[in-house]
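Two complexes come next, and they have one chain in common, chain A, joined by chain B in the first and chain C in the second.
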Partner chain A sequence: METNLYSYQFRTESDAVPQRSAPIKLTKLSFPLLRVIDLNVSIQDKQILKDINLQIPEKSITCIIGPSGCGKTTLLRSLNRLHDDNADINITGSVLVDNEDIYGKNVEVTHIRKKMGLLAQRPTVLPMSIFENVAYGPRIHGIRDKRKLYGIVKNQLEAVGLWEEVKDRLKSPAIRLSIGQQQRLCLARGLAVSPEIILGDEATSALDPIATTKIEQLFVSLKKEYSIVLVTHTLRQARRIADYVAFMYMGELIEFGSATEIFTNPKHQLTRDYIGGSFS
Partner chain B sequence: MRKLEEQIMKALMLLASAIIMLILGFILWKIISKGLPSLNWDMVTKTPSGGFYLGKEGGILNAIMGSLMLITCSVVISILLSLPVALYINFILHRKSRASGIIRFAFDIMFGIPSIVYGAFGFMVMMYLGLQASLLGGIIAVSLLIMPIMVRSIDEVAGQVPRELLEATLSLGATRYEMVKIAARQITPGITTAILLSVGRGIGDAATVMLTAGFTDSIPTSLLQPAATLPLAIFFQLSSPVEEVQNRAYSSALILTIIILILSFTTRYISRKMSGSKI
Partner chain C sequence: MLGITVFGLLVLLVISVGLLYKSMPVIKEQSLYDLLFTSSWKPSKDHFGFLTFILSTLRVTFIAILIAVPLSLLSAIYLSEYASERTKKMLSPGIDLLSGIPPVIYGVWGTLVVVPWISDHLAPHFVDFSTGYSVLAGGIVLAIMIIPLIISIIIEVFAAVPQELREVSLSVGATKWQTIKRVLLLKSLPGVLAAVILAISRAFGETIAVLMVCGNFTEIPKSVFDACYPLPALIANNYGEMMSLPNYESALMFAALLLFVIIILFNAGSRLILNHITQRYQL
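What follows is the complex of A and B.
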């Protein structure tokens, strides 16, 4: 009943405001690293994403928020071509990374994915040692030199604040770490292939508050070098760390803007309601 | 009333467990009490003298070696064929795709075929190839017998590999083949269990080897010679009219049980070392 009400409201408002995907003001940016243009995703004729147009600003944290089932995760996965294996999913439109369409014909998917580190909801350590987990990425991309690998592992583990905790047991299985440590290890593993973008799919939802804070702090410190896109279900998290916020509802991008704009003065009624807590 | 219900169900479950434990205990007791007296060093170090059917002297080294050779080769052959199949239907094809379903169904049928049929089939193949009862024939038949067990049990664990792990690997820019390697590594404990299951099944099966591997007094020195196996040794000894020889059957059974236990413990140990996690 509730959803009907909102979708109804949405329709009337959208008639009044012709520009569906919110106007994007990115004055301080030279050019965005990641651009989504007219992206449509459907699963077995059911449309999940409708005409998404989005520009992800460089070197900042963009949070994608919205109620469950609004397509946040689908959008995030489209950025990394993780829908490739599912024959039921049909994708049109384009996603540009460094001005290269990742859905283009001659694009190699491994090359695209290397540019983006993905952090899943639950940590997914590889079935090998702590060291090997981080070294895996560089190794498959051709780095064999042991010294060099060690250097990368050390650097990345330091970057996620895990080095001091694990330096004496690099050879022990990664699965023995705590969940929070595992998630930081996964982040280090992603960083080790030197991506430009970090994608996080509710990356803290399985973690306790302390581990969550650590990951959030990491994101904030990492945004100096990486562009970060996070799907989050908790508004408070978006408030804490987001520079930009994209609000999605029923497969459409309703509003995009800087965090202050969205949280203090949202333009759209739906955004206002969602942020005000009328629905979640 | 509900409390009573709970009590009754609890008692029933306990009873069922107790019955199973009792049966196991009884079998072990029977094997040990009857087999231990005739068990001696000669049993495991010598081949039989005076014929395997009536012989009270010598041992069953021929059958021990025959069984071990047979099962080792069969396990190697079937893992080489089963692992790719299981990985293919889970990670290359979509797990729930139609093609996977068909392959899985085929192995289900294979699983349901009685071992004597594999024996007969192996025998036919041997006739066709012009072979006599031989180690090679036994290996072919036993491989066929254990292959579906391996595929199905590896398939079972492969289905438990979280999709997130596969995606995490892909996200690092891995190819599908590299992803499959990670998946295989993740299910190493499951693969070990599959091997164990099939070793247990293959080494203890008499029907497949009866027609194919034959039986002999000596240890086979080539693939084309007949090979003795433990289940058949037990069968022949047990059907002997001489009581001493009958008792030796229990010793043979005890030896077979011990071999399976040793294999089971070592494989588990190795796999735990390899995967670094508990099974």
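What follows is the complex of A and C.
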């Protein structure tokens, strides 16, 4: 393992050519929105994540890749404190969002979660109408005004390209949508509480290729406004849309860098093997 | 397997036909309207009006459900969503145990604790006099008996709600309580209703514990502090002596038939409502 892994800092696209010892220029991207510091997660005394240090740059797509069971999903869920309810899970270290440690004392979890829209592996629509699914978050946060809610729902459904398809049946149960539409609806629901970050946990793995393409295009267009972190199992997807890539193996963050860097010239042997398809 | 199932259903058919056959004499003697909607109960004069018993059954059950449902729902929410694994392990056997206690013990407890409490402490605030043997006593004892049943079913129902659904709600910044109120309860509405239906069916038929605390007085209760006389208690109390009077046996069989029909109608009706809700909201 290389010793400088944990102190890795960001490079812009122009720095893509690896210069190991060259001093790293500070750019806008060096001030990340989300920082993971010394994160250790263990489930029933089995360590799942080991000393993860990671900085997620804003307004770009970061893909977390790695073989099954390497801790990608655990890491993603730690960012949202979704492990809170599981008493078996022990977490140390910190995750800073907007310079606030979400694992700090007295931190109120709901406003942390509001900052992050989560897109699960399989689309999970709430047992309500299409409209109510998107309006759910805003309602939770106290918006009662019907016209305001309608405005939010319309905007978000437009943002995910679903408005034209569903505008005539907003009141019908969301479960009747196709699975691809459901996933876009879930994305709209996440966006409706105006988060800063979108977390996706293999968000396209249950979708057909056409629906996958739509979601991927959405991510690319959404990165203008949001920071996107995706766990993905398909390298091709990471190649298609990632700006930055984090490679994980056996609970450790092996390498992090811009997508070009990781895919064309990975520094670590493990990364090279994984990218090259030696294991998956 | 099919044979066994069909046999079970046949038994149901045989029971209903048998009850109908046995209660024919009293139905022929008096009109059905007379039997169902009058309340004078004079076996010696060969007149049987069942209104008192029907109303008593409905009222005791209603009070039991009124008490039991909120309590069980909150307990189930606590046990399934809030309690730690240790607490769950400690409390769950207790609930199972409660549902295993013989009804007669609940009846004794009702007589020794609930009845005196109503007559000495509660009733004086509302009415001039009450013996304590009352609709309310029956309702309370019945509630205590069906609570464990409702809790254990609702816990199962909650466990069947996918964790992802809760996470969806949490991840937009909802609190746990908001998630429970708006997602968990909505999603488990059909299951919760099914639990309540089962509990009501059970409550309709509960005999001995209710019989011991409700006074068994053949007059329509005017308040919850008055004595009442539910259908199962009527049958159980009088079954031994029924031969002495003409048509008495037939009348008691009619009471059994009534109970049978009420429960079947109730189950069928609630099944329909349940289906409607499930369809309507695609739960």
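One rule holds for everything that comes next: the second predicted complex is superposed on the first by the 251 of 280 C-alpha atoms of A that agree within 3 Å, B and C clash if a C-alpha of one lies under 4 Å from a C-alpha of the other, contacts with A are read in each partner's own complex, and residues count from 1 in each chain.
In this text, a residue touches a chain if its C-beta (ideal position, glycine included) is under 8 Å from a C-beta of that chain, and two chains touch if they have at least 3 such contacts.
Given the structure is predicted, the values throughout are model-derived calculations rather than measurements.
*Asks:* Are chain B and chain C a fit on chain A, or do they clash, once the structures share the same frame?
*Replies:* In the arrangement built by aligning on chain A, the partners chain C and chain B clash.
*Asks:* With the two structures laid over each other on chain A, which partner does A:P173 touch: chain B (first), chain C (second), both, or neither?
*Replies:* both
*Asks:* Now for A:I102: first (chain B), second (chain C), both, or neither, which partner does it touch?
*Replies:* neither
*Asks:* Using the superposition on chain A described above, determine whether A:L230 touches chain B (first), chain C (second), both, or neither.
*Replies:* It touches nothing on chain B or chain C.
*Asks:* Applying the document's definition of touch, where does A:L162 land relative to chain B and chain C: first, second, both, or neither?
*Replies:* Neither: A:L162 stays clear of chain B and chain C.
*Asks:* Please work out whether A:I254 is in contact with chain B alone, chain C alone, both, or neither, and reply first, second, both or neither.
*Replies:* Neither: A:I254 stays clear of chain B and chain C.
*Asks:* Counting contacts the way the document defines them, which residues of chain A are shared by the two interfaces, the one with chain B and the one with chain C?
*Replies:* The overlap between the chain B and chain C interfaces on chain A comprises residues 80, 82, 87, 110-111, 113-114, 116-118, 120, 122, 124, 126-128, 136-137, 140-141, 173, 175-176, 186, 189-190, 193.
*Asks:* Of all residues in chain C, which touch chain A in the complex?
*Replies:* Those residues of chain C that touch chain A are 84-85, 162, 164-165, 167-175, 178, 182-183, 186-187, 281-283.
*Asks:* Mind listing the chain B positions that touch chain A in their complex?
*Replies:* Result: residues 94, 162, 164-165, 167-175, 178, 182, 185-186, 188, 275-277 of chain B touch chain A.
*Asks:* For chain A, which residues count as touching chain B in their complex?
*Replies:* 80, 82, 85-87, 110-111, 113-114, 116-118, 120-122, 124, 126-129, 136-137, 140-141, 172-173, 175-176, 186, 189-190, 193
*Asks:* Would you pull the chain A residues touching chain C in the complex into a rising list?
*Replies:* My answer: residues 80, 82, 87, 110-111, 113-114, 116-118, 120, 122, 124, 126-128, 136-137, 140-141, 173, 175-176, 186, 189-190, 192-193.
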